[in-house]
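Pasting in a structure now, in structure tokens, and then I'll have a few things to ask.
Per-chain numbering from 1; labels A, B, C, D and E assigned in written order.
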């Protein structure tokens, strides 16, 4: 018997709007702050809120990976780099480039596209409440990734590890002054 | 106490002590009770005359100087000359001295006082003598560099190098006299340790060392006025000035 | 009406007490909140106790007495310290980034305290039981590095910055070895009939099922994994001999050099809370969590009964210790209040001990007791290390992390995987794979 | 062991480490360590030029504790200046006093009587142990081991108690007078010293147990702050630092003063000239000091404790340089007398000051943490550096 | 109002779209490379949110259509995206450091040469 099935989460709308509000505000702060460290902290907050959303979507494993990798790993790397480059001068410079208007226009166009897609293809989009069938999420993902019978991402997984290896080497090559 | 200059019970390298120290050690205390007013000039003459033409060429220049070395023992510290109570310096005999005398003539004066040997060297020879002391005579360790101020003399400063030779287990001092404002060649290239020691001499006496890599005050703050170890430096002046500037009152000292 | 209300409350409590689920899993928000508060209070009290214990134990290791003035044997010293810290002026350096400077200690504290919601003090004594419990703990505790980095950066000073860089590098690199050790333990859980689990409670239950603490499983593999974790967790919490980020002699106080008063005390709180948190992970994964010691050698109802007396006996012993020391206090009237206070404290401890002998309470509490006792042993180790070891240098620390612990962890992981492999896997995967490989070779040559 | 005969002028250039590649060397960091810093043993200020954590070079800023001791001397009589020297190396005050008293005695041509000499040696060697204990405690503390500090202070306390009983002072003792001693050894002095020797021997083993084979201690000290015997001599570095670099030179043996020639003891030397060797050398020195004390306390002769020194000390015109082996190295006094009651000039040759000069050389290419270790291992006392 | 209070998959998709747009604006308008990289992270996260939300939706589908407990491909994909993001951040920041060392700036407008 699965406790998650037995107990659908309470106050879903409240938490959804809370977390999505945090995410939107965090996102806005990321792209508007002068100081890159503030941006990074805003981004971290948004990422953690997103982990909360994953939990609400019954994807605890993705949530855990999100926290460990994104908040605990990638963002630390970001902060590390921000500290290494001197920030004072960057802050004095102009923050937005000349084509900011174009950029916003492009984004607005993209947003319009989204809206039109939604308006035109309303029937394509899922509605109604999803069921809560899922029990052993982490185990299921593990099986999907690695199991010899049901797994179908084994190869992709190995490729991903290769990608990470290449990224490590690439980062070292790039950042090191003389090899 | 006389033991001190005797051959040590176990010299570090088992190096035989130079003969020069031997007569000095008992003599330091009782055996030579004052008296021998052997002027350095005399003793210089007893030495073989300089053979080298180069040294001979120097001679006229050095000739003018004997005035200084003889004046030296007297001036070594003589605001108050009265009674010759203690022992007086005696000439120092050693192969090293003989060699230097041969080459530099009267520019060099070797003496022993209380069993401690020192060379009085003319300022123009100092860099060469120091370098040769290290290279040829194995004085590889510069113990200290310091100075003494004698405001009443014309050449106000005695600058003293205290040297030690590890292979010979022997100490000696090199002294030279310079006037106020004169500078000395730096010996940092000879002994690396001279760096801070020279800085301190500069700091305290205002003696400049040419060729020093970074000659600036070391113990006193950069903005310090005057050179404290000069005899004419008023102890209170700095304090008075500070009090006047910072507190706006007369110092009570 | 009043009695019925009381009755319903009693029923409610009773229903909870007989429940075998954690409040989070049972969806019981009231009890979950109570538990959160309890855990928070418990951890805070633990930090206070640790503060006193560390000073006393370290002092006695170092032939001195430690705090003796505030309260008998300095028992009230932590409270005095806390008051002092709270009342101190809150200084934010003029050149600091005030906002980030302000936030940083809270990030660290948040990370340190949040992990406790999955720490299993007993089969039903946890705020909640998460499907990804251990992953959650590792992830959230790794967030504290963010707080440290931002604290170091926001101070706008060289020492904190270097301290923060050191700290982040150290924590990130030791997380790797730590993760490997954890994975090997998780692999061991998969040997149970129910399959593997990441849930903290599940891990302890698997140990119970397999009738072995994982530290002894596949000897010496479990032990090595435990050792790797035990080393990595000290580095992870920046404690001696890995306390470089706050190496006093080099960086004054590392990333929290510029912090003072309340904000500094938050870092202090977080450090000790994090120490307890990682110790809890170690206890859960390898030392059988809430399970009592010697479950195999000394099993049976009698032994269960005897072991269930331990919590009460411990408190009685502590109370007796207080009385003993009270009797040794100087008889001078100046010490009268202190003596009385110590005796009263002893009496309170003794009373608690007596209460813990009550059968219903006894059974419910012994899980918590054993868990706490194991964590306390780790806490003592932390203090002991601090009294004994010199500090590693930064490059040596990195060397230990990357060149010793990481390869050992990898080898350990592979070995555990091989040893733990079930027979049908051998039959279905490994043997065919090698056969196929041999076949391939045969065809080529 | 370096053979001093083969020594030639050192080439310090080899040590000036070129700035080679490190990870992320985006910019050079200049860090100011001190003067208020827990690991600079007082008020030393070190300006570090860092590349990441690697030291590219450093500059010492000293003088914060400068009190003008040499100037003070010119305005005091010989006897009045005696207490001032205690304030230079305040953890080895007795040694300072010994050097000064012997220098003036030499200038006066007198010698302290044998009994005084023996007591002097006992006190000086006790003080050497105290100084080394303090060094060990603080050095270990710098490297992160906090416990040895308390052990060494506990044991140093016993030495200070003996000083206190002998002359009433614990730190700046002013134990000796020109010409001998002021105070006769108190009753039970010998027994106290013997008890102390018996007490401290296992304690030194205890320190060694904590540190000598400790892995982390080895890693932190081996190969750190290496200086060759040749560089030591060129930089005038003396004392345990010089001996740890393999040069077997100790003034107590090379040019014995007091009556050290009567005692049997070894000079420990190191092989590598690193921090660990300096640690070992000092540990052995403590044991050797105990050996000297044992011999001295057995052989204290009876007799006067003061030589015939006039009431008003007026040395003849002249100058003298006298040096002793202080715990830190060669401590020399260069005194110029003009025949009056006040010294015309007193120059102190402080071992800490000269040894500190080697810090730059020893730290180049090392990490920040090593700077701390090296400052600790040089065993400087800022009171002596700045005078 | 019911649509507001009843959180369906669509809500997540709208949130994802909004974050995506924010990320796009950031990439297009900011000059600081670090913030541009962070905006890219924002975009990737928006995509991840969509993936996980749709995976959730698909699990609610009948098993004969491929739904059910095993329909976690979206989540697996999200994990791969996170992996990708890690690689991207590492290389991107490495390039950034190399760039900063040579030009002493992190301004993206200055990246206008194909060589250093």
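Keep in mind that, in the parts below, a contact is a pair of C-beta atoms (placed from the backbone, for glycine too) under 8 Å apart; a residue touches a chain by one contact, two chains touch by 3 or more.
All figures in this text were calculated on a predicted structure; none of them were measured in a lab.
Enquirer: Setting chain D aside and leaving every other chain in place, which groups of chains remain linked through touching?
Expert: Take away chain D: A, C, E | B.
Enquirer: Counting C-beta pairs in contact, pick out the pair of chains that comes out on top.
Expert: Chains A-E share more contact pairs than any other pair.
Enquirer: Measuring centre to centre with CA averages, how many angstrom lie between chain A and chain C?
Expert: Spacing between the chain centres: roughly 30 Å.
Enquirer: Report, in whole Å, the distance between the mean C-alpha point of chain C and the mean C-alpha point of chain E.
Expert: 35
Enquirer: Please tell me the distance, in whole Å, between the geometric centres of chain B and chain D computed from their C-alpha atoms.
Expert: Distance between chain centres, rounded to whole Å: 26 Å.
Enquirer: Go ahead and note the Å separation of the Cα centroids belonging to chain B and chain C.
Expert: Distance between chain centres, rounded to whole Å: 69 Å.
Enquirer: Indicate the residues of chain D shared as contacts by at least two other chains.
Expert: 24-26
Enquirer: Touching at least two other chains at once: which residues of chain A meet that condition?
Expert: Within chain A, residues 61, 65, 73, 82, 84-85, 136-137, 175, 177 contact more than one other chain.
Enquirer: Name, in rising order, each residue of chain A that touches chain C in their complex.
Expert: 3-4, 6-7, 10, 35, 37-38, 41, 44, 48, 60-61, 63-65, 67-68, 71-73, 75-76, 79-80, 82-83, 136-139, 148
Enquirer: State the interface residues of chain E toward chain A in the complex, per the touch definition above.
Expert: Listed in rising order, the residues of chain E that touch chain A are 4-13, 15, 17-32, 34-35, 37-39, 41-42, 45, 48-49, 52-57, 59-60, 68-70, 72-73, 75-76, 78-80, 82-91, 93-98, 100-101, 104-109.
Enquirer: Sort out for me which residues of chain D touch chain B in the complex.
Expert: Touching chain B: residues 3-5, 7, 9-10, 12, 62-63, 66, 68, 70-71, 74-75, 102, 105-107, 109-112, 231, 233-237, 247-250, 253-257, 259, 261, 314-323, 330, 332, 334, 336-340, 344-345, 347, 349, 353-354, 356-357, 386-387 of chain D.
Enquirer: So in the complex, which bits of chain D are touching chain C?
Expert: Those in contact with chain C are residues 29, 31-32, 37-39, 53, 140-147, 149-151, 154, 210-211, 214, 216-217, 219-220, 367-370, 372.
Enquirer: Contact residues on chain C for chain D in the complex?
Expert: My answer: residues 58, 61-64, 158-159, 162, 240-241, 243-244, 247-252, 386-396.
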